[in-house]
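Next up: the structures, one after another.
Look at the two complexes coming up: chain A is in both, with chain B in one and chain C in the other.
Right after this comes the complex of A and B.
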C-alpha cells in the first residue's frame, strides 16, 4: 500500500484502494480455486471427495493407488494416449516451425508479387476460429484417405497461420536491414542470409512459435475427435472424454465395475493440464510478449 | 503506421543496370517463394482446398453425387433445430461477451491501479487457467459445478443448490458455458489489455491528475478511451469464436445422459449432420455458411480496423 501511495502521490490510500484490492482478490479466488482444488483432489479417495470438506489433503499413497488404477486400466491405455499426444505435438510443432519461420521471413524481408494476397489469406486464416474449418478438413482427409492416421492430424496442425504472423512481425525489425544488406554485399546468397544471419538471431521467435503451436496441439480436441476414430491413436484430450464417458465416473450413478472413478478422472485431467501448466510457468514472459504482438484467438 | 518511402526508380539509369535489377528482383521473388513453399502447401491443403471442396459438396447430393442446387441449404433452413441452436449460440455469445467486456476491462483497469509487483502476481493467477483447455475445462467444471465435491460448495449450498442438476438449471446452459470459456480465456486478454495500458503515456496520466481527476475518472475517461481499440478487437474476436462453440455443449453428456446436449450449438449441428445422419452435403452447407460469417468478420477486422500489420 505504501508503495502505491508513493507512486500515485496520493496521501489518502483509503477506502477506494481497499475496494480495488478486495475485488482483485475475489477474482483471484475465482481463477485460482478450481486449479488448486483439482491438484488437492488428486490426492483424495472417492469417499473423501464426497464427504470431507472440499480442501482436504488426502495422502500420497491414495494418489499412487488412483494412479495405478488409472494407468493399468485397459492395458495401460492412458499412457498410450499420452504417448500419442506427445507424437502429435512434436510432429505438429516441428512441421509448423518448418513452415512458419521461413514464410514469416520471406513476407517480412522481400517484396514480391503475391505478397499482399498471402499476407491477407494468413490473417484471415488466423482470425477465423479453427473450429469452423474442422468439417471441411475432415471431408478432404476422407477423400484422400488420411482420416484416422497420425500423419493426417500432424499435417493439419502443422498449418499454423498465427505462427507465420508472429514470425513476420519479428523479422520486420530484426535483424536490421543494414545487417542484411552488408552481409549481402559480403557475398551471402539469399538463402545463406536466412540460414547464417537471420535464423541464428531468431531463437526467441522460434521458441515463441513453438510454444503457441504446442499449446494448440496438446489441447486439440475438436479436430482430433473428428479425424480419429480408432481409440488406439486418440490423443489425451479425446482419451480423457472417452475415459469419462466410458466409465460414467462423473454421473454420480451407482458404481460401475470399472476401476475408473472420480479420483482417477481427476488424475487424468491433471495429466492433460500439467504439461501446459509447466510450460506456462517456465515461459510466462514469452507467452505475454507473444500475446501482445498478436492478440491470439483461442 | 509508418509509410514506406518510395525508392528512386531505376528508370533513370541505363538499360544494362535496369536489366540487372530486373533479374535480381526476379531472383528475390523466386527465393521468397522457396521460403514460402512448405507454408503455401499447408495453406492450400488445410485452408483453401477444404473450404472450396466443402463449398462444392454443399451443392451436391453426396449419396448419388449429383448436382442438387440449393437443396442442402433448404434442408438446413427447414430443420426445426436450427433456429433453436441459433438462439442458444447467440445467448451464449451474449453472456460470454458481456462477461468478458465488463470483467476483463474492469480487472485490467484495477490491476493498473495497484503496485506493479502485486499486479504481476495477480495477472499470473488470472492467466494460469489458460492451461486448462478443450475437454479438460469441461471435466474440471463438471466437478466445480457439483455441490457434493465443489470447492465452492458453501456458496452453492447458500443458493440452495444441492445437486449438479440444480446448479445447471439454476445457472442455465448459456451461463454455464460462458463461465467455462471465460475461466480459461479471460486471463490472456487481461494480459493483452495490461500491455495496451502500459503504453498510455505517463504525461497524459500526470496531466489529468493535476487537473484533479480521481482514480475512477482517470480509469474511465483517460485510460479506457486510450485502450479502446484493443477492447474492440477483443470483442470482435470473442464474438467470432463464440459463434463456433462446440466442445462445451458436446461434452455435457459426460455428466450423464440427462445432461446431454447433442444439437445445442450450430457447430454441433454440423457434427450431427455429418456423423449421425451421414449427410455430408447438409453438413457442408451449414459449415460453409458458418465459415462465411467467420471470414466476413475476419475481413472486417483486417480492413476496417487495421489492427494487424499489413505492410
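Right after this comes the complex of A and C.
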C-alpha cells in the first residue's frame, strides 16, 4: 500500500515499473480474452455467434431463451446433474478433508515407522496423472459393487494426495513448537492437541484443501465418465458432454431436432464455471495468514 | 511445593551427547536458576524436567515420585516459555482457563481461578483481548497466569524475560520475585542473564558444555567460583584474567609472575596445587584501583603500569579499560568519575589477596581472600 502510494503519489513510475505493468497488461489480455468472450457469448444467439464481431453483447432475452432451451432438455435434467455434482463435490471434499488434514498433521508432527515412505508415496501419487489409474479404480469398484453409484465416485475422489501434501507443509511449522509444548503441559492428549490447538489454527489450509478438492470434484470428467453409466447419476461435466454430443450442436451433422445449439452449449460451460468462481471467492477470505499472530514474540 | 531430584540425568540427541549425567536436588520452595552460555544445555535440562524431552539416562523425581516417563501434564509442573507460546485463537481468559477446562473443573471454579490469577498479574482489563492485541510484557503475564492457575508443584521458566526490553525486564523480574514470595512454590528458572540469576535465585546452577560447573548461593559463586568458567560468567562486568606463571612454590606459599607490565612477581598464600607452570590470575573489575604515577602505595599493594585505552562514564560508575601488556584489556570499575582519559599513563593497584588463581585446566587453586575493595 505504502509503496503504491509512493509510486503514484510522486509519479515516480520508472522504466522497470512500466515493463512490469506492460507485461501484466499483455498477460491479462491474453488470458482474460477467452473468459470475457465466454461470458459475452452467453448472451448471443446462434446467428450472432456466426456472423457478428467476437465481442458483441447479445441480449438478456436471448440468454433467457437459451437457458429455457437448455432447461427444457429431458425435463430439466441439467438441474438434476447439477445437484449430483453438488453431492459428489460435497462428499468428495468432506471425505478428502477428513483424510488429508489429519494425515498431513500426523506426517508433520510425529515420527513413526514408515513416515518417510508414506511421504514419498504421497508425492508419487500426487504427480501420477489421475487418468492413469482410472481403469484400476473402475475394476476395483466393479469388484465391490460400487460401480455406477454415488458412493463409488465419492470414495474414489476422497483420495487426494495433493491435499495431504499441502496439509503436511502447513503443519510442518504451524502451530509453533512452543505452542504445542505448552498445550502438552496444560494437559492436552495427542488427540486434543490436534482438535483444540492445531485444527482451529489450520483454517487457511483447510480452506485451501477444500477449494482444490472442490475444483477437482466439480470439474471431474474422466473418472466420472468411466464410473457412471446411468444418466440419472451423471455429474454436470459428464451430463453436459453427453447432451452436447447428443445434440450435435458443435458438429456440423444434421440437426437432431433438439433445441441445443451453440448458445446453449456456451451457457452450459458458464454453468460449470460459475460455482467454482463463487466457491473461490468464499474460500479465499479464509486462506489468509495472520491466524498465528500473538502466539509468540513479534 | 515439591522437591525436584535429578539422578544421573543425561541427554543425547542421536549420537550427540548434550548433557552429561547430572545430579541435582532442588528443595521444596526453593528458587533455583540454571545459568550458562548459549548451547550449554539449560533448556534441554529444563525440558526433561517438564517431560517435553525424553530422558536418555537417569531418573527424574518430583515430590519424591518417579516421573521419568510420565506425560508432561502428569508431573504437576507448569512452564513459561521464552516465546510466550500463547494460544492465538483464544482470548486471554480462555488462554488462562484452558488447562482447567481440559481438567474438566466446574465452571464456577474455573471462573474464580482465572479472575484471581488475573488480579495477581493485573490482567483484569485484558481478559477479552486476543493475544495479538497485547504487548510483550502483557503476553508474558498471560503465560505466567496460565501457569499459576494450575497450582503446580513446580514452576519452570525458560528465559521468560529475554524478549522484553530492559525496563520491562526489571519490572517483570520484580513480579516474578513477588510471585515466588507469595505462592512459595518451587521454581526453576533458566536464564543466560546473570543479573536475573543473582537477584532471583536462592541457588544458582552454573552449566557449561553439558555439565554442572558449580552449584551454590549467588554470592558464593561470585566470591568463590570453583573454576574459571564460573568466575568469568558470574559478575558483571566480567572478571579480568591475566596469564601468569608459578615460579616457585612451597606448601606455605608461592611466587607468581604475571605476564603483564614488566613481569611483576609477587607472593601469595598456599595454592591447592603448587606445581610450577602456567596459571591464570583473575581479578574483579572493582578490585583494581587506578592512580596517577607518583604516590607511595600502601604496603603489600601490587602496582602495574598501565595505559588507559578508553573510559566509559555512566554517571554513578565508570569503566576504564586499561592495557597492562597482557593479552586482553583489563576492565576497572570505579564509583563516580575518574580524572583519566584515553592514552594516559597510570598505575593499576591491586591487593594480591583479591586474586583468584586458576590452573591450566581452569580449576580454581586459590580463591580471593580479601573482600573486593569498595571505592
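General observations
The definition used in the following text is that the second predicted complex is superposed on the first by the 244 of 298 C-alpha atoms of A that agree within 3 Å, B and C clash if a C-alpha of one lies under 4 Å from a C-alpha of the other, contacts with A are read in each partner's own complex, and residues count from 1 in each chain.
Simple rule for what comes next: a contact is a pair of C-beta atoms (placed from the backbone, for glycine too) under 8 Å apart; a residue touches a chain by one contact, two chains touch by 3 or more.
Just so it is clear, the structure is predicted and the values come from calculations on it, not from any experiment.
In the superposed pair of complexes, A:138 makes contact with chain B only, with no contact to chain C. In the superposition on chain A, A:181 contacts chain C only, with no contact to chain B. Using the contact criterion defined above for the overlaid structures, shared-chain residue A:286 touches neither chain B nor chain C, since it reaches no partner.
Once the two complexes are laid over each other on the shared chain, residue contacts for A:150 go to neither chain B nor chain C. Touch counts on chain A: comparing chain C and chain B, the chain ahead is B.
Looking at chain A, you'll find residues 291-292, 295-297 touch chain B in one structure and chain C in the other.
For chain A in complex with chain B, the touching residues are 3-4, 7-10, 16-17, 20-21, 23-24, 27-28, 30-38, 41, 49-50, 53-55, 95, 98-100, 102-103, 105-107, 110-113, 115-116, 118-125, 127-129, 131-133, 135-140, 143, 155-156, 158-159, 161, 164-165, 168-169, 172, 190-191, 194, 215, 219-222, 226, 237-238, 240-241, 244-245, 248, 250-253, 262, 265-266, 269, 272-273, 276-277, 280-281, 284, 287-288, 291-292, 295-298. If you check the complex, the residues on chain A that touch chain C are 175-176, 178-179, 181-188, 192, 196-197, 200-201, 291-297. Residue ranges of chain B in contact with chain A, taken from their complex: 25, 27-29, 31-36, 38-40, 42-43, 45-51, 53-54, 57, 103, 106-107, 110-111, 113-115, 122, 124-136, 139-144, 146, 148-153, 163-164, 181, 183, 185, 187-188, 191-192, 195, 209, 215-216, 230, 233-234, 237, 240-241, 243-244, 246-247, 251, 253-256, 267, 270-271, 274-275, 280, 283-284, 287, 290-291, 294-295, 297-299, 301-302, 307-311. The touching residues of chain C, when paired with chain A in their complex, are 47, 50-52, 71-73, 77-79, 81-89, 98-99, 102-103, 130-134, 136, 139, 143, 146, 150, 163.
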